[in-house]
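See the structures that follow.
Each of the next two complexes has subunit A plus one other chain: subunit B in the first, subunit C in the second.
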Partner chain A sequence: MTQKTNIQSYITIQNNEIVLNGTSVFKIEPTDFADFSKQAYRNFDVQYPKFFKMDALSKLAFLGAELLLSPITSGEQENNIALVLANKSSSLDTDVKYQESISDQENYFPSPAVFVYTLPNICLGEISIRHQLKSENSFFIFDAFNTEFMSNYSNILLNSNKADVVLCGWVEFFNDDYKAFLCTISKEESTKYTNETINTLYNQ
Partner chain B sequence: MCSFALQKLEMKEVFITETNCITPLGFDVKSNTEAILRGDSGIQLHEDLSLMPMPFYASVINTEKLNRAFEKISTDKKYSRLEKMMILALEPIIKNSGIELNSKTAFILSTTKGNVTALKEDSEESFNNAHLDVLAKNVSDFFGFQTQPIVVSNACVSGILAVSVAKRLIQSELYDNAFVIAGDEVSEFVLSGFNAFQAMSDLPCKPYSKNRTGVSLGEATAAVLVSAAATNAKVKVIGDSSINDANHISGPSRTGEGLYRSIQNALKEAQIEVDKIDYISAHGTATPFNDEMEAIALNRLGLQNVPINSLKGFYGHTLGASGLLETVISIESANQNLLFESKGFDEIGVSETINVIDKNEERNIDYFLKTASGFGGCNTAVVFEKVKHELH
Partner chain C sequence: MEALKLELKNKIITTLNLEDIAVEDIADTDALFGDGLGLDSIDALELIVILDKDYGIKLVDPKEGKTIFQSIESMAAYISANRTK
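Up next is the complex of A and B:
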């Protein structure tokens, strides 16, 4: 009844390093995420000044999506690429910062620019705007990366023709601790990854 | 072999068979619809310095009443206010359904901010409780679900998106049943944020009206059982879609592109024409931009003459809960063949015509549409068909 789907490309971002399809493409000496993300942005010559307004979770998701989607999207045609991301800490890294801005009655400065990032799905919006994806998107929360659910849900979107490609993955950020694992999945044959699953690639 | 592969994929039917809600207007569906018919609103003026430095309008559940109701089902003191609201919404429908909580029964929790109030307290335990997976586990363990909770956190479309997720999971035969809960609380966190955005109304909100100035916030939980079994079905879920605007993270697209496409896709899947839709339960937050965007999207689709309401005038904007709460109320509307007034509406205040319901009215409702939109550019549309039961 349902067609087999295949992983087309994947990316991992953690420990000051970006690994694309199993190959390290960017690595620097240990530093904080703000510095790491800025250097990565420059290294790949991204040219998207809005990047610097994003919170850390959005920067992390954006960088991963940038390297996977830029080669396969074009401004000339519609790209029906669904976004299905998940994490453990939701937007808590920004939530805590926002809470600090309203905790002290004397120093009560709630900022709309911070508040808007107190939602985990904002990173989906950022990626959608960057790649002009008018497509399905949803953000899920699990205590750990539920590869089975994420892979099932992506397959449902592909097999019900709600999406041609799914960008699926885990984007976790809290207090400078981060890990992103993203992959593109579609019904197309994959020459590179025939037996690999999200689970085997994530745990590599 | 070939003919098998070419067979058209017949999608499994999916139904909503049980509903419930916990709101300032009542702790069951019946009391809520009665309050709506009387024209009651949960929105009141509050003066609470722990929530806002100035007085504000919001739709808030009485905590003592909540605690009294909760004590009837549990004496455990460990649950947060929101957890009590969620457990109270789920408890009767789980009991009524008689469904076994086995490996084929999913639990889907949807929320925008969950237990964010836990961040006010500076302790590790409290911080842990602010995690949405912990909230989901607390509620799940109360009932003894066997499957891992699925949390949907997609801003203000969360509640209705959760119905769509449930439908998709059941259609793919991963589950037979899914209990879906949606809930959000009025908190200092959210009040201050909407206020910083200058998105709060200084009077009870007035969706689609000329003099609307923004949202009134609210709190509620709503629960439904989404099932592959038609027994006791209230409605069938026949089409759904959630398309991003790809335009702005904190404002809707001026052309309503994401909502337009979401409705278009949902109708296409439902295989019905726009003229079949008898009623639209829309988002209608009462911010100038949101309501205008909805009117534009509906006109682009030819849905401008279909009776439409926003229930925000009764409940305020209950964030992630709103989509599911409004679905629960719409299901009542359809089953009673009654259109509920769009409370707070006076003079049309959107640039393109829409048919806002200005008083309760009898009307046959076979098909209806639920829509929602939110921060991050997200939109969701779901098409429902009323299930008619033959009288025996």
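Up next is the complex of A and C:
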């Protein structure tokens, strides 16, 4: 029997601001994403030096996941949280940077640290390592946030007991233009967002 | 040799994005991997690129890296003895 699923929490990161469950929790004067993400990391006192080695897409996904998953994950027990993310530009921002770094045959020194981020699903790996997840994860590429697909996919994972919680959403980054919308969905009763669909919250 | 060690510390911090680490936090004999500076396998590959790009040293046998990249001191000694630029 298909059980109703509910959005438990959601987060939006765009325009130098982080909004958690409808409340602005971090906002700074306009700056580039590198500076914004570093300041956000410091503001939330995240202790994870590997953050600084990540590419922009992974930093964006990591920050969103950090605020949603830290309160509900524990290092002592297995966290059966599936990750289902999507975006439009894949890892193109890093792909372009990597391509530029290897375009000069006279100065050909490919960077392994940049190369490892030339796939969009690497951000899922970063989140999984951080929160000790060994669960289902998928990254999709769409022209726009396909809320129906993402919602259906998450519901299937929950109703087939593949996951207790699904972290689902959109993480788009290209040329310093970014937006992340992530939400946690589970079968747990929730009165917080009963009438809102992912689409409504995404477009807020 | 002291200048080279300082140069290496700066290069490692910048190239490997060690945001919360300053030059003075790295002792010459500190282990670069494991319990020391905590570098990982991707960092090891970046160190190989630094040797090639900045000092003209191509590591033919990656296993050599274990000895060379033990500390700033061992790196500086190897570079001094083998650099071509």
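Note that in this section the second predicted complex is superposed on the first by the 204 of 204 C-alpha atoms of A that agree within 3 Å, B and C clash if a C-alpha of one lies under 4 Å from a C-alpha of the other, contacts with A are read in each partner's own complex, and residues count from 1 in each chain.
The criterion applied here is as follows: a residue touches a chain if its C-beta (ideal position, glycine included) is under 8 Å from a C-beta of that chain, and two chains touch if they have at least 3 such contacts.
Just so you know, these numbers come straight off a predicted model, no measurement behind them.
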Dominant contact partner of subunit A by residue count, subunit C or subunit B: B
First, second, both or neither for A:Pro112, with subunit B first and subunit C second: both
Touched partner set for A:Gln77, first subunit B, second subunit C, both or neither: neither
First, second, both or neither for A:Asn152, with subunit B first and subunit C second: first
Partner chain in contact with A:Thr23 - subunit B first, subunit C second, else both or neither: neither
Which of subunit B and subunit C A:Ser103 touches, first, second, both or neither: first
First (subunit B), second (subunit C), both or neither touched by A:Gln132: first
Which of subunit B and subunit C A:Phe52 touches, first, second, both or neither: second
Touching both subunit B and subunit C, residues of subunit A: 110-112, 116
List of subunit C residues in touch with subunit A within their complex: 15-20, 38, 42-43, 45-46, 49, 52-53
Footprint of subunit B on subunit A - complex, ascending: 1-2, 83, 88-90, 92, 95-96, 98-99, 102-103, 105, 108, 110-112, 115-116, 118-122, 124-126, 128-129, 131-143, 146, 149, 152-153, 155-157, 159-160, 162
Residues of subunit A that touch subunit C when the two form their complex: 38, 49, 52-53, 109-113, 116
Of subunit B, residues touching subunit A in the complex: 9, 11, 53, 112-114, 116, 119-120, 130-134, 136-137, 148, 150-155, 161, 165, 168-169, 171-172, 174, 188-189, 192-193, 195-197, 241-250, 257-258, 261, 265, 374-378
